[in-house]
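The structure's right below; bear with me while I get my questions together.
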Amino acid sequence: MLEIHNLCVHYGDATAVRDLSLTLGDGEILTLVGPTGCGKTSVLRTVAGLIQPAAGEIRIGKLRIDSKRNVPPEKRHVGLVFQDFALFPHLNVEDNIAFRLKDRAPAERWLKQLGLEQHRHAMPDTLSGGQKQRVALARALAHAPALLLLDEPLASLDAALKAQLRWEIRQALKAAGVPAIWVTHDQTEALSVGDRMGIMCDGRLEQIDEPDACFRKPASRFVAHFLGDAAFLPGELGSTHVHTALGDAPIGDVAHSPDTRVDVLVRPDDLSVTAANDGNGHIEWSRYEGETRLYGVRLNSGAQLRVRTNHEHQLDDGAAVDTRICAGHALALFEPERPTGSA
Amino acid sequence: MTRQPWSYVPAALIAAAALAPVLVLVYMSIGADLLFDGRTFEIVLNTVLLAVLTVTGAVLIGVPLAVVTTYADLPFRRVWVALLAAPLAIPSYLGAFAFFAAFGPGGEIETLTGIATPRAEGLIGASLVMTLYTYPFVLVSTRAALQSLDANVVDAARTLGLTLPAAMFRIVLPRAANGIAAGALLVALYTLSDFATPAIMHLDTFTRMIYVDYHAFGLDSAALMSLQLLALVVIVLFFESRIRVRRERPGRVLQLPLSRAVNSTAFALAGVVVLAAIVLPVAVFGAWLVREGVVGFEPRYALNSAYAALLAALGAVIVALPVAYAASAGWFGRLCERITYLGFGIPGIVMGTALLYLGLRLPLLYQTLALLVLAYILRFLPLAVGAVRSSTERVENNLVGAARSLGATPGEVFRRVSLPLILPGIVAAAALVFLEAMRELPATLLLRPTGFDTLATYLWRVYEAGHLGRGAVPALALVLVSGVALVLMLSGEARRRRLTAG
Amino acid sequence: ADAGPQAESADDLPPLVGELSVYLGRGEGGLYDDIVTAIRKRNPELELNIRRAPSAALANTLIAEAKAGVRRADLFWSIDASSLGAVAAEGVSQPIPDSIQRQIKPDFRYKEWAAISGRLRTLPYNPTRLNADRIPDDVMAFADTDLKIGWAPAYGAFQSFITAMRLLEGEQRTKQWLLGVKKQAKSFAGELGVVMAVARGEVDLGFANHYYTLRLKQGKPDANVKLALTNDDAGSLVNSSGVLLLDNKPLARNFLRYLLSQEVQSYLAREAYEIPMAPGVALPEGLPNAIHPPSLDLTQLSDLKPTLDLLRETRVL
Amino acid sequence: MLEIHNLCVHYGDATAVRDLSLTLGDGEILTLVGPTGCGKTSVLRTVAGLIQPAAGEIRIGKLRIDSKRNVPPEKRHVGLVFQDFALFPHLNVEDNIAFRLKDRAPAERWLKQLGLEQHRHAMPDTLSGGQKQRVALARALAHAPALLLLDEPLASLDAALKAQLRWEIRQALKAAGVPAIWVTHDQTEALSVGDRMGIMCDGRLEQIDEPDACFRKPASRFVAHFLGDAAFLPGELGSTHVHTALGDAPIGDVAHSPDTRVDVLVRPDDLSVTAANDGNGHIEWSRYEGETRLYGVRLNSGAQLRVRTNHEHQLDDGAAVDTRICAGHALALFEPERPTGSA
């Protein structure tokens, strides 16, 4: 459906996207995450035809776009849901959704499907954020795009609404069989909603893979950090396990030469704490998170780790604890970092 | 991103058209001796002083009134705005004459009330009158700028311990600098190019020198002096272009509950201004009307005026659109925009003559309404460009992108999305051009079709004949017709407020 | 009961038929409208297109038209001789036929244009501030008086006055005169302003065309202003409005004859206080009796440039 | 420090806040959550003095404000961090922070403390969202407010940055000893960052208590739903446990008459699923969330429940499972809902 090869996007002298390639299958949903300013929006705007690429090629169905050949946005059949919704302020909800439709039936269908019926005649500036978001989505879907691009569609909604809409949108897309690229700054959203996910950094695609592969086998330390709390424990490879100061962990079927020094990626839920006077550290702080509780543990070695437990678990600040790796699955391994500084 | 914006081509063409009269001036000035002696210096000084004082006065009156009419919880806000913008409808020579006739020993005020008043004349008199008839430029453009500011920032300043008046100075006005400067620019250009007010007030300015030469058949030296004046215009344009505040996303609209003291001060200021700029001349003309009665006025003059001004307003906004778009697109567009301002700074009669030379090259157009309208458009384009620009800058790129990604062609996007959104700005632009075209005289006299009389030319006829009382009716008609234009402009503003209110 | 030639009566003139374009350059006098209206009324088949603008602007327009080879006007009717002279210098004028010349007072006959009405330079003064016998009858003497004088140097009629002085007395004397008067003079924008200032007692005396005073007196009979004249110098110059023919067609000439008719001429004298140029028409009321204008080719008044240079050099302007 | 008694706020005819009372102790941080449009911002704006209350009283230190007596914002010493930052667009970072300071030392201190030194001369519109947020915070803190109000300060930042800033801000507030009301739409944020939290609904305060009390003993079903996935299982009270179709759960020391019918609040982490052919339901869908996995389980009885497990746990859609209550702590009990409909 969509193929991007070696895309570069410039603004004047500044480069926003560098050498980015990806493909999107029919009906597939790809989520795109990355820190502010990494170029996510620029990718979407280029695919939609609002920016001309500086280099590389984009294929949308039979269309080919490169730095020389442009296809104007209106010929691409690419829907774009803007982060700020970009509703037409002078048109009411109904007219926004049916903007270019001769036959209003699809507008009616999405209006109903997204629960906007009683707001049909409302003007955009009287809607709440969540409602605006649905109008923007309905508008894009009613125009039957061959491909849908969503730019942080759920930012600034409250978590309950967010969780609900996230799934409504996914289901709507799947039902309509429309492939989509979905930009988000919410890692949970990216992990749960995408068939695959891409992580961008500084204009480049760091990794693109299925969500749990990205989470469990991040391609880089950057990805590991970006997708959740991450700590790296020095360890030594054994034949089936890696040995660390906090215990052993399975390594899965990685090809490796034994006795290699590695850094092991541990996340807060890969660790456990138990109260123990002769343990290897103590609780520095704890944060209540509802269903879970996060502890900051200072190891006797001086390193700090975060450990997530069930919220029933309760330890006071300063309590002596023993921290252990408790992961049942293989942990990701990284080359040890070279000490930084002058060579 | 390397494509040139589409608007560059029409903008360049329009800039070329705007430059044409200037080139004609260059051609006309060939052979004239450059006159520059101590006297000229004195006159340049007068001109600059008049411009500086007028701009200062217009800013001092226009900005506070803009703040009050934009933010304060005024009763009858729209009526106030209409009244305060109305001086734009009164030709400044009428205002100047009314002031000249009303003040001083033996003036109308003394005749009617017996109260002795000082004469209105010289630099102070001229600055005062010019200020009264030009401050609406500042008022209108400052209001446009203020309306697009985010009120949260003011609230933030207050929670940091700043009082409201201080917040106005430190937080609001610096951000509205663009709008204030745009208005001040128009005031400066108007002042530089106006002849009647300084003449009536006995102030020797550049335009007066130019007029004298013009009337002495020294077209070449009049043209050369106009070019010298243009140097001043370019300097003003340059300084104005240096004032550029970053664009902001419009936010919540600020509403200020004003204390009673501030409210009454605001009312008093507005009242004094309206009294001086509108009530006084209307009263003076009214007094003459009573003495002389209505003779010779035909309603056709009002129709002619309105018709020509309407065509000019329509033409000007159509032409202003690409220029406004180009001006937001890049330096070349800004250059084109600057060029269109030149015409506004050249005295009307010289500009009229330059256009006459151009018109004579187009015999089909010569002495037709079309040429007159064209002259209005070239002359008043800056008014339209400024107002249109402030509204196009508010149509966010994303809206255009959204419409195009829904399959709309650029033409359709413009028609269905941009146009409805910038319509208020377009209407305001059209109204400004309309008002100016209604009161324009020198170019109208030179370029109109033979026998085509407007309110302004009729006013000139009776004024020249010394039958000032007969001027009362056309003057009132001018104010009335212009009032309709103002109401239009304001209803546009109400719409704009609704569309952009956060 | 007459002594000499008489103006034609409009009743004796052929009816005007056809289309005629007139550039009507005028600085004052809405009364010309009444004349135009009357001619139109009398000649229903006349299609008269009138273009009104300041005389100098129309002169400049005609010059530009001449350069571009465009002609839109059949007739240029101007309030002052300098504009007529400037256009005539372009060589576009048709000579005034002898038959018409004969209808004009002999002192005011010119080849390129026909004089229609005259305006007299006068000295309006305030009788409460000034006795008539203190007013010199030689304009050049004003440079040496201590009177407070009002003038309007930017005004066309004043500049014509100075041009006449220049032509009659020479550059040097004119310069001295300007420098002398300047010390006691107050400047006004126009000559109506000068007269009003005299009446208000702001100045003792002014230089202005005669009809401003007469009109002011018409509106305000008790106004404190009277007229004085000088003798045979620029101070009592009679300048003239006139018509320049741009087309040779009989219609244009006949129109001109209407302007010189008894009816029009006496109307101008009566209502506009202008001095009739047709012989045998009564002078306006209220004019001083003995008028002794200098003799001067009014066409030369278009030579304004040296006058401006002089005015600027002396910083009068 | 701050007392609010029976506050009402109106906009024209519309009521935004109804009869709201709360107090804030010295140095205390109160988080305020609630759905869009429930009146959170209105409360803050009223306390800051940007809106006059329609009824009720506010006391800030020695100041008293009510519908008649106003104290202008500049006299209240209340800092407000706006959701959209409201930085002065024409001043650079440094000048924004030191806006009204004669002595620039505090500005310097917060500039350093919040890591903004290298952006000192940047203009606001060249900053990323996270940086802007820090400037807004530094500005408010540098002016030494007696009370700080934060309006959704972290909305629209990416999760990694959010988690980091959340704690930086909390620490800064605690270090400065400034009490604060912190509005957020992120439940996790509200639970973890506040000493106490308030939940608003439709202009009213539904509950105000310590975070885990709100989470575990919600005052209403609304609160229960708002703070996280919530399901209600019908049960019957025993003496120490409540009996439900999914097993027993402890009830803590609630005074109760036995055999009472109640609804038991269960959250996804109070339940467990295990593959079992003869279980009480089957998996309908699963969502990967990074560290955890959420299952939608359809019980044989027809009810649907959500169950959260560790991400290592993996069951396919359609798998037959057994779902059980596995909570070690007391679950909250509610009166059974009366059937709705005509009486």
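As written, the chains take the letters A, B, C and D, and residue 1 is the first residue of each chain.
Criterion: a residue touches a chain if its C-beta (ideal position, glycine included) is under 8 Å from a C-beta of that chain, and two chains touch if they have at least 3 such contacts.
To keep track of the chains, here are their UniProt names: A, D = Ferric iron ABC transporter, ATP-binding protein; B = ABC transporter permease.
This is a predicted model, so every value here is computed, not measured.
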item	value
Which of B-C and B-D has more C-beta contact pairs	B-C
Whole-Å separation of chain centres (CA-atom averages), chain A against chain D	23
Rounded Å distance, chain C centre to chain D centre (Cα mean)	91
Between chain D and chain B (ABC transporter permease), distance of the C-alpha-averaged centres to the nearest whole Å	54
Chain B (ABC transporter permease) and chain C, separation of their C-alpha mean positions in angstrom	37
Where chain C touches two or more other chains, by residue	none
All pairs of touching chains, each written as two labels joined by a dash	A-B, A-D, B-C, B-D
List of chain B (ABC transporter permease) residues in touch with chain D within their complex	150, 152-153, 155-164, 171, 174-175, 245-246, 248, 251
Chain B (ABC transporter permease)-touching residues of chain A, taken from the complex the two chains share	10-12, 45, 48-52, 54, 72-74, 76-80, 82, 84, 86-90, 99-100, 125, 139-140, 143, 145
Complex contacts: residues of chain A adjacent to chain D	33, 35-37, 128-130, 152, 155-161, 185-188, 191-192, 211-212, 215, 225-229, 267-269, 287-292, 294, 308, 310-312, 327-329
Residues of chain B (ABC transporter permease) touching chain C in the complex	35, 39, 105-106, 199-202, 204, 208-209, 211-219, 291, 296, 349, 353, 356-357, 360-361, 363, 366-367, 442, 445-446, 450-451, 453, 457, 461-462, 464-467, 470
Of chain C, residues touching chain B (ABC transporter permease) in the complex	21, 26-31, 33, 49-54, 56-57, 59-61, 63-65, 68, 70, 72, 82, 86, 154, 156, 159, 187-189, 192, 196, 199-200, 202, 212, 215, 219, 302, 304-305, 307-308, 312, 315, 317
